[in-house]
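Would you mind keeping the following structure in view while I ask a few things?
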Amino acid sequence: MVDLSTNLSGLILTNPIIAASGTFGFGKEFASFYDVNILGSFCTKGMTYLPRLGNPQPRIAECKAGMLNSIGLTNNGAEHIARHEFLEIKNYFKKPVIANVCGFTKEEYITNAKLADESPTVGLIELNVSCPNVKQGGIGFGTQTNILFDLVKAVKNAVKKPVYVKLTPNVTDIKPLALSCEDAGADGLCLINTLLGARIDIKTRKFILANKYGGYSGQGIFPVAVRMVNEAFNCVKIPIIGLGGISSAADTLEMMMAGARAVQIGTANIIDPFACKKIVEELPILCQKLGINKISEIIGIAK
Amino acid sequence: MKQALLKIKSTVPLTNDVFKTVLEGDVGTLKAGQFIDIKLKGFTLRRPISVCDFDDNSITIVYKTVGEGTLALSSLPKGKILDVLTELGNGYVITKIPKNAQVVLVGGGLGVPPLYGLAKNLKKQNINFDMVLGFNSDKEIILYNEFLNLGVNTVVTTADGSCGVKGFVTQADLKNKYVFACGPVPMLKAVYEVCADGQFSFETRMACGFGVCQGCTIQTTQGFLRVCADGPVFTKEQIVW
Amino acid sequence: MVDLSTNLSGLILTNPIIAASGTFGFGKEFASFYDVNILGSFCTKGMTYLPRLGNPQPRIAECKAGMLNSIGLTNNGAEHIARHEFLEIKNYFKKPVIANVCGFTKEEYITNAKLADESPTVGLIELNVSCPNVKQGGIGFGTQTNILFDLVKAVKNAVKKPVYVKLTPNVTDIKPLALSCEDAGADGLCLINTLLGARIDIKTRKFILANKYGGYSGQGIFPVAVRMVNEAFNCVKIPIIGLGGISSAADTLEMMMAGARAVQIGTANIIDPFACKKIVEELPILCQKLGINKISEIIGIAK
Amino acid sequence: MKQALLKIKSTVPLTNDVFKTVLEGDVGTLKAGQFIDIKLKGFTLRRPISVCDFDDNSITIVYKTVGEGTLALSSLPKGKILDVLTELGNGYVITKIPKNAQVVLVGGGLGVPPLYGLAKNLKKQNINFDMVLGFNSDKEIILYNEFLNLGVNTVVTTADGSCGVKGFVTQADLKNKYVFACGPVPMLKAVYEVCADGQFSFETRMACGFGVCQGCTIQTTQGFLRVCADGPVFTKEQIVW
């Protein structure tokens, strides 16, 4: 029996597979495909204080090795989510979830994080400072070390649950940003959010996304994610959740060897609703084949 | 909402660039107005296509080859197995038709096929209705004989007048009618303006097709709704243009 | 007849297809596959003043939608290249080529650029400030506006031929860098060089590249390239050569609609030696289909 | 150096994970020691495989299924057409053998197959030579009968002693011999240390395989040389470890 468990700042997952924010809704639809309790956990859709429709249509574009989205944090608002969606999760998921928390001001981040902190459904807070699809706020917090430090510190002071900061890959150097989070008391990091990309319809001569640019996710970003997770692993001591283009058990192990203590699966869920289930089932078999008895032993092992 | 492996039973061209494909297998329990989402080898995202006709173990779809994906689909050989998500979307709700309403089904172009399953169903339930089908020209007319064979009073309009009434579907009298409409947005809008009430089928670019990514979400009078899971059929009072 | 010609600061190309540096050698091998004179032009391998072996083996890794390389500017040295390789090109290519010029100091860039400037084979100088595979120099010049400005200005003062600056995508914001180049007198920009990525062999638990990280190229980077070319197009007036993951005539038109006046084809050549030939042949047919009579009219047309 | 579309004539297993595939078509003019580079659907880079045997219109390759690519190759059906670059690399140069030299062909594991074409050629030219083939164990032995059928004096060594001489290929007397060696780097190095002179076949990760990307370049006594285009065969005096 392979030991797949992994420890995220005290939150013990039975396996390292977590569904990524924005690609899993609040889990309900997936629960109608399979028993989602087989997952290590899942991240809920990013929440802002006010309900948001998000960006104009169209907001999805296909790419050869992934997709672009310019959703723009569509959600029912943090109060509603805390009162309804989080409660409902209990009906089909028995483990703690990870709440993806967004905001446009420091105060809003704190308010939303507190709502997540108070919910018994939530085991860990993922601070999203990397959404490429909202103009002010979001990514503005994720690209400057001083602003990031300040935000993380403030949120940490306001909540009790572990806080992981989800960083953007659209930066010249991830290391100072990772260090700022650690210095500010972040319990962990999540890497990576989407790369900024664009597609144009050559027939209509228009950008496919109404917003022109959007977040690029899926298999095409995997090599960038592996590199960034490894860079962060080499400069901070706090745990890292690795994501970006993972679509198999082999990708999962590769990301963990780069330094990830757990992984998130995003776009793969959208393409195949059974993606996470397949990975959870494949993982122990592949570990056995590679002589891995305890998955936590391979974290950052790559030489 | 379920995943199924369906086998291509047949693919036949209806026009230059419109094809009819029949898929066989465990298709689930379907309703007219619902759609399926097809995984094609070599393409990242699935392709959403409305159900045109169905029975317990087959689905008929009618689609236009507008890009690489639909082109690939149209050229797959008989016998090929496809990974399909089925039972997607809400579908048309017949029970919402008000008593004594005069029902008209209005389809434009590739909005015509989804109305076929609905027409069959209305027939079965002995609900009277008329059909108005709009096309650009006579070369693009599809499914006309199928509707005639159902014994439905069917008016065809063509933009260039090459067949039937010249003009758009709104040439037909839709005032005070309860409509089921499916077609391009300008058509839906025009029908919305004149009809009394009805159900309108929408399209957006979709990523998941089963309600988890918010890619398809639009503003409605009832808040933000997902075209894939809360639609694609919306009632007149839900619509915000 | 579709007019495919495009104008790069006075250098008129019969079509916008240019083979990218490092993926086309000096053209000789391709000349044995097809008549390379059908190309708009091609870029020669990056040259440094001293001959370089480059990085240790292995220095190639495969990715699902592309590849990593950590070559590290293997070349015979600028003097040798100017005296031998550039002369030899004349035997099989009758048009001016683009010389990809690298360096570790400003002085070296100037020396190498002068050698290219003096060669009758060369029509345009591509200043590579974006190689991710050499530690000092290279990319160091491409991520800081003041250093970049200084370098471009110095090179511009030293040479007569048009100078295009090839920028790295591994930055938080491409716009200030693009503007610095324009302000310093650059005649054009080339976007993008490779994204930094990594792959790990889960059997051996080692990075596949001896250098660990390498440059990610190929189809997987296309959406990022389209976005960056468009960002640059919206902020500078000088011409842009677009590249990154282009592998078809459709990709070419998409990149041009994003703002590219010509395109370069890199990794596609490596996978299929006939890639450029196929694109050159496909291009007029696709233009005709889309009602494009003069390809230069679509540059940056995307709305 | 040319591109060819070759048809799979047959694929047979030689051991658990080693396969022999024969490709038919316009294979070009080949030399022992050269290699081909195969495009496989679903993989970005081509897979370089040495030529084991060849004639005017067929190539035989022998390969181990070490990863996804070679696994895919081994399971392709007969008749499948492959996009292949052929006539790649320099190959062994028989004319470099000094007069009166005692020639030994030394192969280790999957380094054995490329020596088969060479052995055939030497035979044809009436050049005398011995063979030493090294394997890990008897289960991994390949092509032994083929070499016997050529009438070559062939010694087998196995690391575990399960067949032939126990130990490595250097158990054979290579001192003062002119060798043609192909196999893993430690083997090549060991042979290099003891032999008088010879030609050594190298492997590196390759991107293009035809000399344009510098992915495979190594240091030699004659400067930087590309394993794919200037090799894969290097003479003893060229080698820098």
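Order of writing sets the chain letters: A, B, C and D. Residues in each chain are counted from 1.
The rule is short, and it goes like this: contacts are C-beta pairs under 8 Å (C-beta built on N, C-alpha and C of every residue); 3 or more make two chains touch, one makes a residue touch a chain.
Predicted model only: the values in this text are computed from it and were never measured.
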item	value
Between chain A and chain D, centroid-to-centroid distance (C-alpha), Å	47
Separation of mean Cα positions, chain D and chain B [Å, integer]	60
Centre-of-Cα separation between chain D and chain C, whole angstrom	36
Euclidean distance of C-alpha centroids - chain A vs chain C, Å	34
For chain C, residues contacting two or more additional chains	63-66
Chain contact graph, described as a line, ring, star, complete graph or other shape	line
Chain pairs in mutual contact under the definition given at the outset	A-B, A-C, C-D
Residues of chain A touching chain C in the complex	63-66, 68, 143, 170-172, 195-200, 202-203, 205-207, 212-213, 216, 219-224, 226-227, 230, 250, 253-254, 257-258, 290, 298, 301-303
Chain A residues within the chain B interface of the complex	22-25, 29-30, 32-33, 45, 51, 53-54, 57-67, 69, 71, 74, 76, 208, 218, 269-274
Touching residues on chain D, where the partner in the complex is chain C	1-3, 39, 43-46, 83, 85, 204-208, 210-219, 223-224, 229
